[in-house]
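Presented sequentially are two complexes of subunit A, the first with subunit B as partner and the second with subunit C.
Our next item is the complex of A and B:
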């Protein structure tokens, strides 16, 4: 409309400030220290001759906890990375104009994928520590470790097949997200619709591929921690959690970049739209969480209900805290229109959602691996767990901000840039 | 009850918005603008306050939430009609979540629809209030009460700013 004059934003280059560098270095330093201490604890301490999962082998819980923490952090940051990729793909598929101005942020997220791959290769090294199905002899009827249920599932749950799947998934994600980003960057110089149309096709292929592969990755890395148990909605819940966390991160990046003097065209309408997504998907997460919970609660079959029994009996406080942080806080704090448009309200909500996502994954992983008695959260060892997480957080921030600083922060060649800059809801 | 209005007819929303800005500059109060489709930014120009429909939604949501919870505790809490479902406790929160959720959504949705209709006077037998049949198709109309227009030159402002026609008429608005 005539009321707003349009000034096309000029190209901008992001520079990693010394404060950000210091933050990343502190995170990395704390992380490396925690990893070293955890490794010393894990590989020098003797193993406890206790009844573990199978009941017959020695378990060193410090070792299990270390690998479970590595899995948690990797899964968390894989979620943020892929969440960013899905965000940029969805913008193409839905012809969204409003989010174009900030699309360099999720694009930068996707550059973490090779590092995520390296992290998951690490997990295969420690697979036997956390995945019961990877123990020796579980499929061998003559072994003391024999587990009939896992033996039935071993056609799918075995390490070679899992590594093969993992390689195929990562190769697909990497190639597709890199193509989308490459076209988007090349568009700056060329303009026009050619790159945009290419990306639209690629976004369609990527989201389809992602839907299937994310579901399978959730089974592989997360659900198989409790290999006797299964849930068909598990991956939807995992998707909802990572998606709301990824949107919160994009929101935080936009606010912090704007405060640092970049992307000045971002206004409260952009915050409002991102905020609506955060609000909606934190409710969606609760919806899928409850859908999963209710079925096991109603049916009350011991083999299935045991999954929730472990979480209820040993982690009751966290069980409730997870729902409060993931659902009640965003619901009540983000309900009004003004809250979604005010930075001082957005930052706490986004932070709470990110913390709740950590807690959610903690409750997914820990009961099935170390159990209540040895969970780090009940002892000083929780500091180490947070420290390991800090290492991956630092690494992720370093990679993402580095790739942000190498490119033009504003997609000046995008045909939708004007719509994004004039966005008004 | 019909009243006297100054009506300015436009066929383009850009010129309409421009004319409204000019009228605003004179300080004349615009009674209403009729348009076949929503125009971005016009609510700011006309100085409309934001709708309070969301407040109504919240109140209806609270009512629905309480009603649904009351219904279930009433049905399952009293010894009269309670049904034993799988040996579960009669008053168990997970059982109540789906019904409470649906009850909240139902009452909120119905309440919002009826509030909206009430505020906009949409109900059976309502009298049609529009200055011209074409405002539902391709015509934009600015309506100013004659008493407000008195002593200002809004008529000439509108005709010199792209209005197809400006006239004073007694209509029901």
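Our next item is the complex of A and C:
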């Protein structure tokens, strides 16, 4: 099959269009406004003080909600960022050829990591607002706040250890993804196999490191929001959600870049492959979701089932909507081959998956922090929650598109680029 | 589809032709079996006889002839059942998932892996059949209309889901395997004469090799692959739920479903390697089941082994983190209790040995791979033993604590089930082409060493022509 007319694509530079700039500015503007209003509500509204659980201390739910929203957005965009890195690492490890042409997209995602780190440092500032285990006196038997179960876990759940872990994780992620991106960019001029092999090794190290650190991050930042509750599959479910969201984002970037006149060799076969991954991993997300739900529902042990009781009693509609958007919608829309190859089908599915990921995280975070009565989604304050998310979305887009605009959009030095350009299934 | 000539070849040798591929793979089917075949077959038959004897003894004397007691009421029977089901995973994974992912190396190993799947599931199926106590009324497990009033199977029980999952899986696996065989059975038919031609003619369903036949073949392969993929996952998911839906510490944990699936793929690939390393040598198929195939399968073993390892560690950590006394005890007891040796055997074989495959040198060292694959098979057996027996033998009530050891009946049944497995495998290796001839031919032009060399030279020539052209202009 060597009869193809192969024209090696030339280097391309991406320019952030004025329309994109405007979109980003609107997102940031709306976001900053929402953050300011939320902060005013949280830190001036004395009338919002209400009696907390058991009357130990007054809880200002505007404050809790604000910090819960900050956590949601940070976790969401950390997921997209690392999801992109996992994508580029797995492409090396599996010797994938088809994805090389769009490799620069997930590579650019990884440049958000320092901003993600800053966002998480912010969370430590407000930790006591959302993490019950970070409250004063929960491990002190003489305190009114004493909690015997949390005290049992305090060897792991304590701020100094958590901050230490967090620094190690980010340092590792940052150094490894930077190295992979550096080799990939240097390859453009050099060609050959040297950088490729280096990256393969680094991808193996990164993937292993990521597996361990992602599991621990999921426990630290997400599972410990319900500090009495536990589930072994929790981190796998968190991974599945962010992974399918990251693939959907890569898909959207590919389509939009192609529409804007870049990476013209990207064709329906590339979409088909990304679409298969979206299809498969939205099912995988459901699989892990069901593993947790079904087993806890079935055994009906109060300590475990309480997690779903809260979500069932207070968020029943969203509980089902999550499954419909995250599972049923992609399943039915992407069932056929043609659907995965048609832009007008892909864009809504990818967008819905991204929205469903937001909803999924909302259901992970809110019941254990603000609870049903104060959840933003049941009042006008949901506008602020979406606004805060918009800020981080704008920031993420700004950082990622800026990184994209600084480099050659096509990995012209990759030894397997030809396979990606001639990809045709 | 274009494939880079810089990739590793999947068919080695400098004289590869379509004819040679047919000859290399089909001649063992046509020739008289070697002495080695007869010897292996005889040993397998001996074990099969032991199997029949042990089952006969069991049926005559009842399940009391096993070593189970009222506390440990699942022992080697379920351990072996899960072990065999797990081994039955790699075949359909190779065929279905790798077909969907367009992995070309699948072509050399899918046939024998699928056959292995079917035989392993047959071995597995015998256990619940016998454990039910009265195998002659096993059909009661099916939701059939009956004369006992409103008596239905218990749909709430994962054991019933298992009946559905495994029987569906077996059915689809058999269909998938057989459909894939059709073109090759026709090849054997076309080369044969007399009675043999007639038999293979019937077996190949009148395959005529027309474009229409091939087109339908491709379509049905894809459809079956699409159906088989969720089935591969469902089978071990439901097997895991046999345990995880209960409230027994060590069983009731949410990571069980994906972790069981990964473990099954892990053990399945180990068994494929064990078998193929011997088969490629015995049948002179080194040009088709190459070191590159073995290398890739070792990587899968390493990945799935790491998934299994991280699941062990997650379980252990969450047992501590849960602060539930019983959970914590269950895991400490695994490590340091009466059955500590089984836990450490499992950890060594399943967590440590697959990590050796980070080394490419080891992945391409046949002896090392063979030994490690055996280790994995052993480790995965111990995993099931640890989960089942150590979790059960310490009940909530210390007065019910008990120990368990198998009787000769259980041991004979286990050894005997291997006899059944290998008897079937030897028959398969004799009467059916062990590699999918037609599929290997389909990758010859892109992935055979001989043709990749030609492509590479051509590309180099084109490139230098382009360079001189450019420099000429400059």
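In the analysis below, the second predicted complex is superposed on the first by the 414 of 425 C-alpha atoms of A that agree within 3 Å, B and C clash if a C-alpha of one lies under 4 Å from a C-alpha of the other, contacts with A are read in each partner's own complex, and residues count from 1 in each chain.
The definition used in the following text is that contacts are C-beta pairs under 8 Å (C-beta built on N, C-alpha and C of every residue); 3 or more make two chains touch, one makes a residue touch a chain.
All of these numbers come straight from a predicted model, not from anything done at the bench.
*Asks:* Is this a clash or a fit when subunit B and subunit C both end up on subunit A?
*Replies:* Once subunit A is superposed (C-alpha atoms), there is a clash between subunit B and subunit C.
*Asks:* Check whether A:22 is in contact with subunit B, with subunit C, with both or with neither, and answer first, second, both or neither.
*Replies:* neither
*Asks:* So, does A:423 touch the first partner subunit B, the second partner subunit C, both, or neither?
*Replies:* So A:423 only meets subunit C here.
*Asks:* Identify the partner contact of A:197: answer first if only subunit B is touched, second if only subunit C is, both if each is, neither if none is.
*Replies:* After superposing on A, A:197 lies clear of both subunit B and subunit C.
*Asks:* Would you sort A:149 into first (subunit B), second (subunit C), both or neither based on which partner it touches?
*Replies:* second
*Asks:* For A:406 in the superposed arrangement: first (subunit B), second (subunit C), both or neither?
*Replies:* In the superposition, A:406 contacts neither subunit B nor subunit C.
*Asks:* Quick check for you: in the superposed arrangement, does A:298 touch first (subunit B), second (subunit C), both or neither?
*Replies:* both
*Asks:* See if subunit A has more residues touched by subunit B or by subunit C, and give me that chain.
*Replies:* On the superposition, C touches more of the residues of subunit A.
*Asks:* Quick check on the superposed pair: does A:233 touch subunit B, subunit C, both, or neither? Answer first, second, both or neither.
*Replies:* Second partner only.
*Asks:* Considering only the contact definition stated at the top, list the common interface residues of subunit A for subunit B and subunit C.
*Replies:* Residues 1-2, 4, 294, 298, 424 of subunit A touch both subunit B and subunit C.
*Asks:* Can you tell me which positions in subunit B touch subunit A when the two form their complex?
*Replies:* That would be residues 14, 17-18, 39-41, 44-45, 50, 54, 58, 86, 88, 94, 97-98 of subunit B.
*Asks:* Taking the touch rule as given, give the residues of subunit C at its contact with subunit A in the complex, in rising order.
*Replies:* So the residues of subunit C touching subunit A come out as 1-4, 6-7, 100, 102, 230, 233, 237, 241, 244-247, 252-258, 306, 310-311, 314-315, 318, 321-324, 358, 445-446, 455, 458-459.
*Asks:* Taking the touch rule as given, give the residues of subunit A at its contact with subunit B in the complex, in rising order.
*Replies:* Touch residues, subunit A against subunit B: 1-4, 290, 293-294, 297-298, 300, 335-337, 424.
*Asks:* Considering only the defined contacts, which subunit A positions touch subunit C in the complex?
*Replies:* Interface residues on subunit A, with respect to subunit C: 1-2, 4, 6, 95, 97, 149, 152-153, 156, 193, 204, 208, 211-212, 215, 219, 230-236, 276, 283, 287-288, 291-292, 294-296, 298-299, 301, 303, 415-416, 418-419, 422-425.
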